[in-house]
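Following this line, the structures themselves.
You will see subunit A twice below: alongside subunit B first, and alongside subunit C after that.
Let's look at the complex of A and B:
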């Protein structure tokens, strides 16, 4: 047996993960990715008595299983890279290289990822990042950031341009690194872990906290109550509506379309204000808790939300028609920042970014969690992979989410008044939790020790490997179209840097 | 003299009307009409900060840019009255004194050594260059039509008699409005509100300017708008008395400001690569005016 297959939100004894020789490990996982339905959800290293245990999780979108395999290597070592066979492993291998100093042969781009405090090579700093250079009289370099003119997170973009045309973009991140994965091990109170999960990426609070609580309940072998499943699903779809609408506003701002910028901005407000009514803040923080809820969803709240959506939907539709019917806006959206289906597959895109290149990849459909199994989710796909596709996906996903929420209203479950208190996590287990946040697949993996405490915690935000899509999408575009391309993807800096 | 006073007067509230129009169009109340001017005065009270990498060019550029605009305004006539400076061929002087100011603002931007500012400067230079033929063919056609070569004489002897000449007036207004938008780096060619260095044209050139210099540049934009408005108004006020002329002048300026506001509210900025093409179409519209003039004069064989 080369791997063990588990479902989303399932725990297995840590020892039951098959340990392969590295050559077999490489062969097995790279051959898995030859099949289109498979994609790598996480590949990382765990330090074990001086050795490194590499754990690779490859999800199959067709049968809803996740194949987990591992290999143990001792340091220092030089290994054949996965990336030479499949580019989707590129970012994961860079991370392993950075954390443990493992050298990968034939890796195309073995550069620092986020400069963690416990990195193996302490001489790596943000200041001496090895940027790609092209020597030429005609070309010029443009560096943007890490401090930007707008209110966005820090990140450095270095362009190599031929006049107005971008030849190459290199994205250097790591400015937001907070050591979240280590904090997960240091903090022992569940309340602290919740707060950490909520702050992985400030705009995907529901996504990351759902992933965490689903994982935690799996570790504790707790069966989640129906009303908790309901609230998590509802919050997740509301977050999708709010962020997608806000992003449409941002995209209009970046092309200088004032009407869309103002109206979409206004439309986002009632949705996040509803979170305020529900849980006391507009970011949905403190809403999702493992094994309980502090803010049960009542019938009155349901009535309020229904009114909010009834007012939201026609305005949203009208403004979308107006925006997508405006020739000047379409002139900017169409054929800007294109990613082809082939590139999308090769770099292992996930989430909305994958779906806009016609890759059918949606955790809600392939590895359903919470109550998505009963919703029979149909992913929305677009073909062109340009800014317009991303805008259209946002519009249609907002409509779809509203429809789901209306469906959910049909039966609002009553609060379970005698909940079982959470048990301690099972000892020596491995568990994985996948959630489709509004950006895409969020993956949390945990390993517990013999006392049932966290031994290792691994977070993967969809932005982690999707950032590469932006760098590829802007090639041969005008440099002045970079901001609109960037906003249309809207990746997370904090989610990447952790 | 009257034209200078009127233009300065209009420049005080012109941007205010534009911003107010945009605010109302997006469902907001918007600031007072004199807010942009108050901002400029606030800047004028401040000192400027100069980067160590810049030379004296960067320091003199804003003043020369501003002076060039004042110089250009001096040749603009009003009704029957000449501008403060008026001579044969003064519209050529008008265009090139503005270009001189622009040249200094471009080398001032290059002087900072910033990669953004060089980019902005190259864009601005390209757009001005492409807009130039439109202006000259336009003014040249009217010079041919009236047989005079100074602003004052052209406008005084310009009488709209036939339908074709009304058409010409409308086309000329369109061309001038668009030239004003390009020269002032407004929509749809440039987005003055953007915070994104990479998409800016004019804004990125003045990133390093601060305090008094920035105030001069911003007020220069207000003046330039009022100046082009005055030029448009002159097409209609040539044969009227001063009193009616002033009314028409103010009406034209206000309509012009509202047009700018509406144009900026309901359209997105063009793709940078399409701008050049768009600006060049203005030249073809100017050529239409030229053919119209030939038609009126019976010179079409």
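Let's look at the complex of A and C:
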């Protein structure tokens, strides 16, 4: 047996994961990715008595299974890279290289990922990142960031331009690194872990905290109550509506379309204000808790939300019609920041960034969790892979989410008043949790020790896969189109840097 | 064009007319009130994920609080969060709410530097630096300028360059990797300049304070002019805090 196949939110004894010779491990996983239904959801290393256990999780989008395999290597070591066979592994191998100093042969660019506190080369600093350079008198470099002109998170973009045209963009991240994965092991109280999960990425609070609580309940072998499933699903779709709407506002801002910027911006307000009415926080922090809720969803709240959506929908539709009918906007949206389906597949895109280039990848459909199985979700796909496709996906996903929420209203489950207290997590197990946040798949993996405490915690934000898409999309674009391309992807810095 | 005007007309007025008195709808966790009720204080202290609660006497430090409300759920008679959103202050100690006291959280006018009211009372341009913030405070700072909160009407705006800025708004617990860029940005600003810490992570490090990935030395060497608590901050907390800072005189 080369791997063990598990479902989303399933735990297995940690030692039941087959351990392969590295050579077979490489063959097995790279050949899995030759099949289009498979994609790598996580690949990372765990330190084990001086050795490194490499764990690779490849999800099959057709049968809903996740194949887990592993290999043990001792340090220092040099290994053949996965990336030479499939580029989708490149970031994962860079992370393993950065954390443990493992050299990968034939990796295209074995560069630092985030300059974490546990990096193996302590002399590496964020100030001496090895940028790609071209020596030429015709070309010039443009450096942007880490601090940007707007109110956004930090990251450095280094362009090599020929006149106004971008030849190459390299994105250097890590400024946001807060050591979250280490804190997951340091902190012992569940309430601390909830707080950490909510602070991974502040615009994907529902996504990351749902991934965490689903995983925690899996570790504790706790059956999730129906009302909790309901609340997480509802909140997840609301978060999608809020952020997609806000992003449409940002995209209008970046092409100088003031009306769209103002109207989409104000349309986000009633949605996040609803979160506040529900749980007291506009970003839905404090809403999602393992094995319980402090803020049950009442019929009254349902009525309020129904009114909010009834007012929101016609205004949103009207503004979309006007925006997408405006030649000045469309002139900037169409054929800007393009990613082809072929490139998208090769770099292993996930989430709406994958769907905008006609890759059918959506955890809600392929590995359903909470109550997505009953919604029979059909992912929305676009074909052109440009800024316009990303705008259209947002518009249609907002409509779809509203329709789902209206379906959910039909039966609001009553609060379970006899909740069982959470047990301790099972000892010596591995568990995985996948969630389709508004950006794409969020993956949390945990390993427990003999006492049932966390031995290892791994977080993967969809942006970890997707940042490379931005660097490739802007090639041959004018540098003045960079802001709109960047905003149309809207990747997370904090989620990437952890 | 006609359609644009139609949209303008039926969107109507979206701004909040008086942002100093407006009431926040639904539930909101603002300034807490701690009663003199006797409770199991040890358990109460243990509940808090960020050690914001200390006992003997029971106190809640809003600079450390993530406003998760867990304490108020477990001890509803002891701790109540009111909807009072004016919780920004320039005095770190005033963020500590003590049991039995119901004082409003206000700025200490004696601590406001004279040049702030001299130069900035009608116009304040701010530079935002995110130093490990998770993006939520940044979204709320962005919302301060949207058509609902419309902070620009008071002459308060975010600007794209430190050269144009009168003050810096820091979010996030200040990571090691952002320590140097933050310092460079601050140094590039002309004097006089102010420092505002927005959000629990910036004020105290929040849940991240024990992480080795932080470097908060910037705050040891520089004077902070305003603390705006929240996780994330609410736009109304931020705007009211700034208005008090630039308009209050000794």
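Here is the rule we go by: the second predicted complex is superposed on the first by the 498 of 498 C-alpha atoms of A that agree within 3 Å, B and C clash if a C-alpha of one lies under 4 Å from a C-alpha of the other, contacts with A are read in each partner's own complex, and residues count from 1 in each chain.
By our rule, a contact is a pair of C-beta atoms (placed from the backbone, for glycine too) under 8 Å apart; a residue touches a chain by one contact, two chains touch by 3 or more.
Please read these numbers as outputs of a predicted model, since none were measured by experiment.
Between subunit B and subunit C, more residues of subunit A are touched by C.
Of the two partner chains, subunit B is the only one touched by A:332; subunit C is not.
Applying the stated contact rule after C-alpha superposition, one finds that A:121 touches neither subunit B nor subunit C. In the superposed pair of complexes, A:278 makes contact with subunit C only, with no contact to subunit B.
Looking at the shared chain after the overlay, A:183 reaches subunit C, while subunit B stays out of its contact range. Residue contacts after overlaying the shared chain place A:164 against subunit B, while subunit C stays out of touching range. Contacts of A:36 after superposition: neither subunit B nor subunit C is touched. When the two complexes are overlaid on their common chain A, residue A:149 makes contact with subunit B and with subunit C alike. Of the two partner chains placed by superposition, A:310 touches none, neither subunit B nor subunit C. After overlaying the two complexes on the shared chain, residue contacts for A:266 are found with subunit B and with subunit C alike.
The intersection of subunit A residues touching subunit B with those touching subunit C, taken from the two complexes, comprises 149-150, 259, 262-263, 266.
Interface residues of subunit B, counted against subunit A in their complex, comprise 22, 25-28, 115-116, 118-119, 122-123, 187-188, 191, 193-199, 264-274.
Across the complex, subunit C meets subunit A through its residues 3-4, 7-8, 11, 14, 24-29, 46-50, 66-70, 73, 81, 128-143, 146-148, 158, 160-161, 172-173, 175-178, 180-181, 185, 201, 206-208, 210-214, 231-232, 234. Touching subunit C in their complex are the following residues of subunit A: 115-117, 126-127, 146-147, 149-154, 174-180, 182-183, 186-187, 189, 191-192, 194-196, 199-203, 205, 246, 259, 262-263, 265-266, 269, 273, 276-283, 285-286, 294, 315, 318-319, 322, 325, 492-494, 497.
Only residues 140-144, 149-150, 163-164, 252-259, 261-263, 266, 326, 328-329, 331-332, 336, 478-483 of subunit A touch subunit B when the two sit together in their complex.
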